[in-house]
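Below is the structure I would like to discuss, written out as structure tokens.
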Amino acid sequence: MANTLRKSAKFAFSGVLSRVSIHNGHGRVSVSPCFSLQQRNNSTKAKVKVDLDSSTGVAVLGMESSPVNSLSLDFLTEFCISLEKLEMDKSCRGVIITSTLPKVFSAGLDIMEMYGKSPERCGEFWKAVQEMWLKVYGSDMVTIAAINGSSPAGGCLMALACDYRIMADNPRYSIGLNETQLGIVAPFWFKDTMINTVGNRTAEVALQLGLLYSAPDALKIGLVDQLVPQDQVLTAAQENMAKWLAIPDPARQITKSMMRKQTIDRLLSNREADITNFVSFITKESIQRSLRMYLEMLKGRKA
Amino acid sequence: MANTLRKSAKFAFSGVLSRVSIHNGHGRVSVSPCFSLQQRNNSTKAKVKVDLDSSTGVAVLGMESSPVNSLSLDFLTEFCISLEKLEMDKSCRGVIITSTLPKVFSAGLDIMEMYGKSPERCGEFWKAVQEMWLKVYGSDMVTIAAINGSSPAGGCLMALACDYRIMADNPRYSIGLNETQLGIVAPFWFKDTMINTVGNRTAEVALQLGLLYSAPDALKIGLVDQLVPQDQVLTAAQENMAKWLAIPDPARQITKSMMRKQTIDRLLSNREADITNFVSFITKESIQRSLRMYLEMLKGRKA
Amino acid sequence: MANTLRKSAKFAFSGVLSRVSIHNGHGRVSVSPCFSLQQRNNSTKAKVKVDLDSSTGVAVLGMESSPVNSLSLDFLTEFCISLEKLEMDKSCRGVIITSTLPKVFSAGLDIMEMYGKSPERCGEFWKAVQEMWLKVYGSDMVTIAAINGSSPAGGCLMALACDYRIMADNPRYSIGLNETQLGIVAPFWFKDTMINTVGNRTAEVALQLGLLYSAPDALKIGLVDQLVPQDQVLTAAQENMAKWLAIPDPARQITKSMMRKQTIDRLLSNREADITNFVSFITKESIQRSLRMYLEMLKGRKA
């Protein structure tokens, strides 16, 4: 693929912007944001609500960063601290990750963390994204995603990192790693997680085309494990959790580690390079220009 | 997964025992033994019956170690010698592995080989388990499992190591790597064989939850290749064998080696470490205590 | 698999020939040629027709090497040059690979390139086969196979190397890597491409048995992605191409490279060894004898 950069460099992100504008004109971008724009007026409010039932050992981690659970640095930091606390709590054996907001599980990475920020800040942000995945994918606890809304890009990654995925059977919700649709690329550990879940061939098509799947299609390819009516997502997650907790923890944990260690180690040994890669990409002038136009388009839609 | 050991060590196997006891109370453990208890009064009787049809080049290897074809050291030794003889016999091109006993293909590892035995003896036993898998998974012959009964844990591994699996379509028979249900962990080469057969995601759930699949479910996930009525398992195996033998042996053998060599080499280069690992685990006082209680429970059921 | 060579050497290819003869007697070899015999009277005629629509950026590469698009050295050279030209042409973003001949996409490697040729020439030929795969599998362009006829062995490999496969829904057309049926072995990069497409277990059975799949069966296992009526194959390919071109090229290309690089690198680092391997195999006296008999059988069928 020696020709990739030479051949494509000149229209790298102009294509993205025109596509996004077109989508906006048709009102379609609303269903597939890859980056999301977070309101800034509630930065002191808690973004994650944790409810641990000590009788069952199951915690519900509700994401409540209005309006769309964008993965900002603040959000990710709070998310990771909450998860780490549960991990250290011997009375907690499983966690259900869900959204307390309507219609969305998580809209993915927060665009504001990547626009007009210093390389240092961008690197800090990307490290937090890595940390979120490492913590969820490598958790000793049973992790179940109760996907009660759309879950594109980074939101999909978070769900994929869990042990089990239950999604609301709502035709308007979609899930997928749709990065290429916006001209960006899901990094190798997003890809690895996707391959581990849906297999090589399905991942190849899904990632190249940046496909967002409806809930029924997501079930069909194994991107989620179960569909239930919207109002039963949390109940189904609790029921499913009971099956996982019936297994002695050590045996389950060692087995999980055996399955996931290689994928985790691959990021751990390339973590700095992955950050450098992201920072040098996102701080490019052309990319920043694209982000600004995307941002203005998103603001325009809100107005 | 740094927290695994710290967090779980204290209740490592107590959980196992209470679960087993509960299962026993409900009479459910009978459907999913992981270790099995073998009668000791027939140790001189042959445990494997080999019938080679020199006109077709197909041998039937019937396991007849009453009552449940437990994989004891004696059984495994006899099994491996029988297989090796066929491998060396130029007139033999394929082998059908089946059970001559009712209701069970093989119940898996014999618990008596792991209880109250010296580390040396445990190591010898584990080496024999490895040898069985290496011989079947790497056989130059066509190997077909005619699964005419339940096949948990080590029994499932033996079936998975064959080229093709035909199972009796009987709703009471189940198959799977159910190790975690008893608090133990299927080692990496069990896991690799499972992934090679059913794919990464299905293996991840199956191994963590220690799932035993009914015959129809096993077919659905690809754990077995074909279901036929109970009384046609052997006939179907013979018919299927003919298709494999229609392929020139060298081309088929080289292709098989190309597909399986990497997985086999992984055990070959870690064989001693895998034995050490097993021995240090199984000779732990807590594990021995668990085995004794499990054993007493099994004896209680028989009484 | 230490016994493979010792045990099987003596009847390595005698088995092949008797099988082929028998097949010929039953007229069955016509449905599954692995090597094909090309007419020699049109060597100066172009074997590939390229039609680039500069308004869409999509080229149609029609293979027209009568009668069955055998992959000869001449054909492969012309094919690779044509593809390379498109790759260098900035106005070309996607290519549809199809056949202009009736009933066949490509019949695979040309037996005449392997019979009675010097080792140097055989090596040159094999390098061209490698080059074809490297160029297609690693193309920066979107590559869609419009499979409007049968596609055994090397023809199947070419289709597998594309991004997407649309096949004519004709029960008489088949596709697969059927090498073992003729006593030969698909090399590791054929195998890797197959595994990447249909998964490990399906590839294991398909490659060992040299299975040729009908169009509906090929769809079922994911060997092709879509079936359409014979006369709509090209239209469907154009429609599907539009979806791929809706994705910004750089993001799609980097993602594709991320998915395929490891498999490509494996051949690149073993390219010379793979050639040596092929040459030493194909120039063996026993193999040459087999090829001659196969050749005479093919000629007999034409007479």
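Observations on the structure shown:
To keep things simple, chains are lettered A, B and C as they appear, and every chain counts its residues starting from 1.
One rule holds in what follows: a contact is a pair of C-beta atoms (placed from the backbone, for glycine too) under 8 Å apart; a residue touches a chain by one contact, two chains touch by 3 or more.
As the structure is a prediction and not an experimental result, all values here were calculated from the model.
If touching chains are joined by edges, the resulting network of the protein chains shown connects every chain directly with every other. Counting the residue numbers that touch the partner chain, chain B and chain C have less than half of them in common.
Averaged C-alpha coordinates give centres for chain B and chain C that are 39 Å from one another.
Each of residues 199 in chain B touches at least two other chains. Contact residues on chain C toward chain A in their complex (touch as defined above): 87-88, 90, 138-140, 163-164, 195-199, 222, 225, 243-244, 246-261.
Of all residues in chain C, those touching chain B in their complex are 1, 3-5, 7-9, 11-13, 15-16, 19, 179-186, 188, 191, 199-201, 203-205, 207-210.
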